[in-house]
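One chain, chain A, links the two complexes that follow: it is found with chain B in the first and with chain C in the second.
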Partner chain A sequence: MTPYTVAFAGNPNTGKSTLFNLLTGMRQHTGNWAGKTVITAEGEFTHNNRLYRAIDLPGTYSLYSNSADEEAARDYIIFEQPDVTLVVLDATSLERNLNLALQVLEITGRAVVCINLIDEAHKLGIEINLEAISARLGVPVVAISARNKIGIEALLDQIERVASGTYTAEPLHIAYNEEIERGIAQLLPMVEQTVGRSYPARWIALRLLDGDESLMASLQNRMNSQTIPDPKEAVRHGVTACH
Partner chain B sequence: MTKPILIPLSEAENGSRLRIRSIEVQGVLRRRLLDLGFVAGNVVEVLRRSPLGDPTAFRISNTTIALRREESSLIFGERIGGAQI
Partner chain C sequence: MESLPATKGPDALQSLLSAAQKLADGGTIRDEIVSGIYGVSAEICAEAVSYQDRKKLNSTYKLDNIATSRIWGFPIMLAILGVVFWITIAGANYPSSWLASLFGFIEGYLTAGFTALHAPDWLHGVLVLGLYRGTSWVISVMLPPMMIFFPVFALLENFGYLPRVAFNMDRLFKKSGGHGKQALTMSMGFGCNAAAILSTRIIESPRERMLAILTNNFVPCNGRWPTLILLASLFMAGGAATGAFRTLTTAAVLMGMVLIGIIVTLSVSWVLSKTALRGVPTHYTLELPPYRRPQIWKTILISSKDKSLNVLTRAIIVAAPAGIITWILGNVFIGGESVLNHMAAFFDPFAHLLGMDGFIIMAFILGLPANEIVLPILLMGYMSSGAMVDIDSLGSIKEVFLSHGWTWLTALNMMLFSLLHYPCGTTLVNIYKETKSLKWSVLSAVIPLGIAIGVTFAVAQLAQLFGWV
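And then the complex of A and B:
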């Protein structure tokens, strides 16, 4: 069985790497992504006898500000399409952290939201209604403390549910104002025709409206490399080249 | 109803709190400011100014962020309180 892939996304200083190190232990190595000076860590862990490949994405506040880190994190989620994107949030500053969570969830519903530092939040008198957040975001939400190893098993169970497809969710649908929604409606058929079914068309339409040239460049790169006929490549990655 | 008086963050005195109404910064920096919490509707507190008056430290979404006048003069809000915390 091929391992499930889990990408770890989150703001800086949320304990994302603490969690990553806790799960993968010594079984990790650093990688440097091609064409970018972005160092990241990869590792492995097992849960219920299944192997998971973990990728620690750069810590970012956003996927839209076009720094090398953010482009790398964004491109990984869009193009590599991990089985699960784990969004690690700081329980003591959820408002700020949810910005990134929303950005990820607009791209993919194959995600688990992990609220870290829950013990710190309790100390500050912060109560978090996990069910309410989960209902609003449409994906599993788990509270943990990576440092004190609280909630880790529950988190792994939720990762497994999403990875195996037991739990499925569509990308989060945020309703924008009339003008933006009209723009999306106009672009959507063209986007779907151009990029095919494997990418989140509504999200790409939104980025086009925002004039995101960096995403355009990444997409173009990707599309060009896919149009070169290479049957071996197609078989290896199981790509359905039907567009 | 009277229209709220909007002032740029750069003109707000230390200790004052403002509700952000508009952000006139453009381009990549606008996106960055939005990501940091400078969003219309959010409340920002003016913490203190550096000795030469610039940059200024602001408290927003539970984090302290310093902005230069170049940016803070393009973010507008209405006063919602004095120095009480």
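And then the complex of A and C:
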């Protein structure tokens, strides 16, 4: 069996790397992203006799290509398509942290949201209703403390469910204002035809509207280096392609 | 929809982008997207997160109001820095002398052993007076301060204070034309300049990143702290001062060194951003993470292992062969003088202009691979050139210096030179790897060297002019 891949995403200072180190222990190595000057760590862990390959993405606040770090994290999630993207959030400043989770969910539904530092939050008198968040986001939400090893087993169970496809997510789609939605609707068919069905078309359309040239460059690279997914497939899936 | 052209293949991306730009029609899209996302975040949190006590949450803000205030920010920063130095110097003093006497004691036995075995003099010289002495000095001089300084600094880091330092410094860096994040890469430089060069990757604009790279070595790194601490405590405390006052003066001198480093960093950034690297600083957001209680024992253990031992190992690995080479250079005679003396004599006239001597300049040149070994090489150079002093306490190190004509000016200028001169070999290699430019790599060594020579020259000439020495 090939191992499942789990990408660790999260803001800086959320304890993402603490969790990564806790799960992978000594079974990790660091290196540079291919062609990028961003350092990353890769490791392995097992859960229920199943091997997982863990990738620690650079800590970022967004996936909007503001820096090499954000580009690397974005490209990994879009192009490598990990089996699970684990979004690590800081329980003590959830509102700001949720932004990244929402952006990830726009790209992939194969995600688990992990609210770290839950013990700190309790100390500060913050109560978090996990079910409510999970219901809104449409993906599993687990509260943990990587530092004090709380909730790790439950987190691994949820990662397994999403990785194996037992859990099929219905991720939240953000409804933007009318102007943006109209733009997305117009671009969507073209995007699907150009880049194929394997990439998140709605998100790419959104980024196009924002004029994200770095994403375009990454797509270009990607498409030059491999065959373009057959557009006919798109038609079979019931999406109208226009000429 | 039909009016928009859509084709297949990579070329289509460009037409996609221009189609999108037509649709976007203006620059407000990003704001709308962000406010869409923020709106949903706020909605979810309003629904799912409840606060028992808002006051508790505000403790971080209250602390930050003081720690990053315009009035108190800098005094608090300086006070904390001062306390860290004070703890380091006060705490390292005794263990250093203990270690030095222990190694001196063992050296007696080693010498006795070599004599008993009728080992030739040169062998005893190379192994005991060169190798053993060199490494034991490195350990006794460097280990205790490192064992205190690094953990204390790491605790401060884990507490969450460093981002506040960056916040305070941000204003100054903006004014000098650099990027605010340069404050962060500079803080990293206090640990290791070579690592800090890599950390400049967080700065996106190439211009601002180059500024951060070129000025990084003006903050003293791990390898230079021991030199600064030792010289400050030996020479800067004044003759009469003793005890607590002595420690306090030493700490103040070290703090002065750090401040000089920061002032030079800002000035060089300013000059460069007005000349070779012109431009306007870009904006960025700096997060102030909540203060957290550090995991005290874990932090101490990890910083001892990762920092203190690593630096020490590196120092010993480089210092051991350097010890042997220095001893050999000091004991191979050409025309009645040792090679080492010949070399030192060559640099002497120039060095005297800078208020130092040829041995010091030579130590800095030989110390290019690692700043850690500058001081050991210097001591070994002095020792092998005839003045045999038994090193069994830190006081006798001072005697070695004094017997070679050191004054407070020599010590001060060596500290300044150490603070300002070119970065170590590893850092230079990293600079080349990161900038891929020979020109900037050479400049990153030449600019600091020029400043180091200029400053020490000015200080030496002023001191001699006013008859202070």
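As a convention for this text, the second predicted complex is superposed on the first by the 222 of 243 C-alpha atoms of A that agree within 3 Å, B and C clash if a C-alpha of one lies under 4 Å from a C-alpha of the other, contacts with A are read in each partner's own complex, and residues count from 1 in each chain.
Everything below uses one rule, namely that a residue touches a chain if its C-beta (ideal position, glycine included) is under 8 Å from a C-beta of that chain, and two chains touch if they have at least 3 such contacts.
Bear in mind that the values here come from a model prediction, so they are computed numbers and not experimental data.
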{"item": "Which superposed partner A:N224 touches (first chain B, second chain C, both, neither)", "value": "second"}
{"item": "Which of chain B and chain C A:S145 touches, first, second, both or neither", "value": "neither"}
{"item": "First (chain B), second (chain C), both or neither touched by A:N116", "value": "neither"}
{"item": "Chain A residues touched - chain C or chain B, whichever exceeds", "value": "C"}
{"item": "Partner chain(s) touched by A:T194 [first = chain B, second = chain C, both, neither]", "value": "second"}
{"item": "Touching partner for A:T108 - first (chain B), second (chain C), both, neither", "value": "neither"}
{"item": "Partner chain(s) touched by A:N66 [first = chain B, second = chain C, both, neither]", "value": "both"}
{"item": "Chain B versus chain C as contact partner of A:I174, first or second or both or neither", "value": "second"}
{"item": "Footprint overlap on chain A, where chain B in one structure and chain C in the other make contact", "value": "61, 64, 66, 92-93, 95-96, 99"}
{"item": "Contact footprint of chain A on chain B as seen in their complex", "value": "28, 31-32, 35-37, 61-63"}
{"item": "Touching residues (chain side chain A, partner chain C) in the complex", "value": "11-13, 37-39, 61, 64, 66-69, 92-96, 98-99, 102-103, 120, 123-130, 132-133, 136-137, 147, 172, 174-177, 179-180, 182-183, 186-187, 189-191, 193-195, 205-206, 208-211, 213, 216, 219-220, 223-224, 228, 231, 241-243"}
{"item": "Chain C - residues contacting chain A, complex", "value": "1-2, 4, 6-10, 12-14, 16-17, 19-21, 23-24, 29-30, 32-33, 36-38, 40-42, 44-45, 47-53, 56-57, 198, 201-202, 204, 285, 287, 289-290, 292, 295, 434"}
{"item": "Chain B contact footprint on chain A (complex, rising order)", "value": "61-62, 64-66, 92-93, 95-96, 99"}
